[in-house]
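For reference, the structure is listed below as structure tokens.
Chains: A, B and C, in written order; residue numbering restarts at 1 for each.
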Amino acid sequence: MCLAVPLEVIEIIGSPDDPLSQPTARVASSGIEKEVRLDIIDRWPARGDYVIVHAGFAIHTLDPVEAARNLELMRQMARANAASKKA
Amino acid sequence: MKHLSEFRDPSLSRSLLARLRTTATRPARIMEVCGTHTMAIFHHGLRSMLPQGVELISGPGCPVCVTSGGDIDAFIKIASRKNVRVAIFGDLLRVPGNNGSLADAAASGAKVELVYSAMDALALAEKYPEELIVFLSVGFETTSPTVAATILAASQTETRNFCVYTSNKTIDPALELLLNDPDLQLDGLLCPGHVATIIGAHAFVPMAQRFKIPCVIGGFEPADIISALLLLLEQVNEGRHEVENGYERAVSWQGNPRARELSAKVFSKGESSWRGLGLLAKSGLTIRDEYSRYDAKERLGITAKEVPEPAGCLCGAILRGQKQPPHCPLFSKGCTPASPIGPCMVSSEGTCAAWHRYGGQQ
Amino acid sequence: MKLKQIMLDHGSGGLASQELIEKLFLRYLDHPLLADMEDSAVFSVPGTRLAMSTDSYVVDPLFFPGGDIGQLAVHGTINDLAMRGARPLYLSLAFILEEGLSYGELEKIIRSIAQASKDAAVPIITGDTKVVERGKADKIFINSTGLGVVAPDCQISLTRARPGDKIIISGPMGDHGLTIMSQRSGLSLSGDLASDTMPLHGLVEQLLDEFGPAIHTLHDPTRGGVATGLNEIASHSKVALEIMEAALPIRPQVAAGCEILGLDPLYLANEGKVLIFVAADKAQGLLNLAHSRPEGREAAIIGQVQEGPAGRVSLITAIGGSRLLTPLQGQPLPRIC
């Protein structure tokens, strides 16, 4: 129901405290750049952060710890398989 | 592509699949609520790899599919007005109503612009100051805050030649309707990842408890989907019915309150007409009086009329998970993505279009 | 469905285009050479075999990273000739200009055409210009027709793909389609994107010199992209094709752009790529030769031909699943869902 992709923030335009400043960021992936709005972002990102973008708006700033935990959980689930095979 | 490629590692998916096969010890009917999940499942050929007995039922989470024929007809009426230019997401262009689609209207001279963001629609207002730009808005909880933010931006810049026709919906009333259906017999819900980014994983707790149904929030890479299915099957095996978050990198327990606040500032909840499901209370978003100057329904005096579903079309039953596309007499015969009769054949994430395109009969 | 009016989808190169051609044009215009629906028609005149092809160019914007409408008009028709194994000899160009088109822009296009024609060594030998009232065309439309010679024993055709053949693509896919889409207003996508427009007759000629009869089918996957091109071949040759997703070459920036806009690169246009169907035992040699030329430096084997079912194209996904690869329906649209 909603396509969204993680993109890296390379520049922030505007500020979280001034709604009239047109809160936008330039985001990039593999050299492709796009301007997105930050109006509805949950946590104001910094340069180098990854944000999830839907329909031209960043909707979530990724937390590297959560992302790593997400991946680790999957890897654990996958490894559990290898272990059960041995057993 | 960071946060994408590591989740795309085929060996991770293959190991998870192997684990899924050993976990699937009994038949299970899982509904993938979200159309983007339906699309991803077909795109990666996942259906062909699932263990026997694990049945995936597509849910109502395709915004253009559930947009009522009456709303589509209203869209076309608006687009055909003089001095009006409508802006839409590409998803909406070919959706048929009673009088053709917006693509047909465009071929007959209506001004229809495809945009990637509601904000791009607002930008059109500056580009065409002599015209009224009407954004024809569809979408669920993920998309609605972007529309709210755009209306607030229009209000800040005092843009006068811009308004929005909202057909935006919330998913929970539709899910409740389905879960109350005794014939559906679902064993678990694969919950929509990016909707959960906004509403939070906690939003699914009342449903999991009330209907005693396992709910797992899943991302959209193959490994995300397979691991979410794995978590669901483990719950089924163990007789649990909890909310688990398999998409932690994008979804938190509390979601995105800021987006919800913005949405609530601009929209109030009202009833909404769903294709296939009918009129559902508290399932639609209406622009609040405070922003009524941006409400196309007020401004143009247009309301959607109820229209019957096309004859023979099973989209309603398909959206309710009661039928699969090949059960429909029109599927891939009278109704194809090139000349769709029902909405499920139109959107690339529509269940019928996905089955047609990716050969779902297998 | 009864067609009432022409829609943009009818020009997309997908199923809607095919339907229009089959239900209208071929109903009235039924010469077998036309009805074969090949990239160009090959016919004999006393003493020689000729190939002839025509195409119109209406791209918007006129100038884009990597090329312009003039280059497309030269390269596109040259490539259609080359896809039958023809050596392109001459081109004709016909222009429909909109009143008000800037002279400077037109001059830029003509200069670009001259350069493309010179670089390809295919001269333009006849032409025509019409001007229509403002609003009756969009700046400039170009039609080009090409004539080429075909070796007496050359049998290259969409119908000749054989079970066992390897399928090679001459380079990464989707560059042109995404570049054009990124230039359209509203999408505001920027980055290292450029059209792949280039003439392919040099590459084709060298491949034919070396591997002649082992090459069965050539096709340039323009509108409709690689997926639609493969479907055309599968149905004309009455074979099944199996494509390996992991082997499909794609530039990271094109993959990223597609990801953002919700597009599938398999359905995006290419203007400098060729799909080559070659006997399996010659595939590696052909690939090595292609790699030695600029047009084919990133060529890759992407799949093989199977007995049947006729017309079926399947994709083995990166995780090992299988799905059908159907032709493009209407024009590819960016989506948010």
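By our rule, contacts are C-beta pairs under 8 Å (C-beta built on N, C-alpha and C of every residue); 3 or more make two chains touch, one makes a residue touch a chain.
Given the structure is predicted, the values throughout are model-derived calculations rather than measurements.
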| item | value |
| --- | --- |
| Chain of greatest Cα-centre distance to chain A | C |
| Higher-contact pair (C-beta pairs counted), A-B versus B-C | A-B |
| Chain centroid nearest the full-protein CA centroid | B |
| Rounded Å distance, chain B centre to chain C centre (Cα mean) | 35 |
| Separation of chain A from chain B, taking each centre as the mean of its C-alpha atoms, in whole Å | 21 |
| Multi-partner residues of chain B (at least 2 other chains) | 1, 4, 35-36, 62-63, 89, 116, 120, 139, 143, 349 |
| Sites on chain A at which at least two other chains make contact | 1-3, 5, 29-30, 54-55 |
| In chain C, residues with contacts to at least two other chains | 188, 252, 255-256, 259, 262, 335-337 |
| Chain B-touching residues of chain A, taken from the complex the two chains share | 1-6, 8, 19-20, 29-30, 37, 39-42, 50, 52, 54-57, 59-60, 62-63, 66-67, 69-71, 73-75, 77-82, 84-85 |
| Footprint of chain B on chain C - complex, ascending | 1, 4-9, 14-16, 19, 186-188, 246, 252, 255-256, 259, 261-262, 314-324, 326, 329-330, 333-337 |
| Chain B residues within the chain A interface of the complex | 1-4, 6-7, 12, 15-16, 18-19, 22, 33-36, 61-63, 89, 116-120, 139-140, 142-143, 145-146, 148-149, 152-153, 156, 171, 192, 194-195, 197-198, 220, 223-224, 227, 230, 246-252, 255-259, 262, 349 |
| Chain C-facing residues of chain A, complex | 1-3, 5, 7, 28-35, 53-55 |
| Of chain B, residues touching chain C in the complex | 1, 4, 8, 10, 13-14, 17, 35-36, 42-49, 62-64, 89-91, 93-94, 103-104, 106-108, 113-116, 120, 123, 139, 143, 222, 336-339, 347-349, 356-359, 362 |
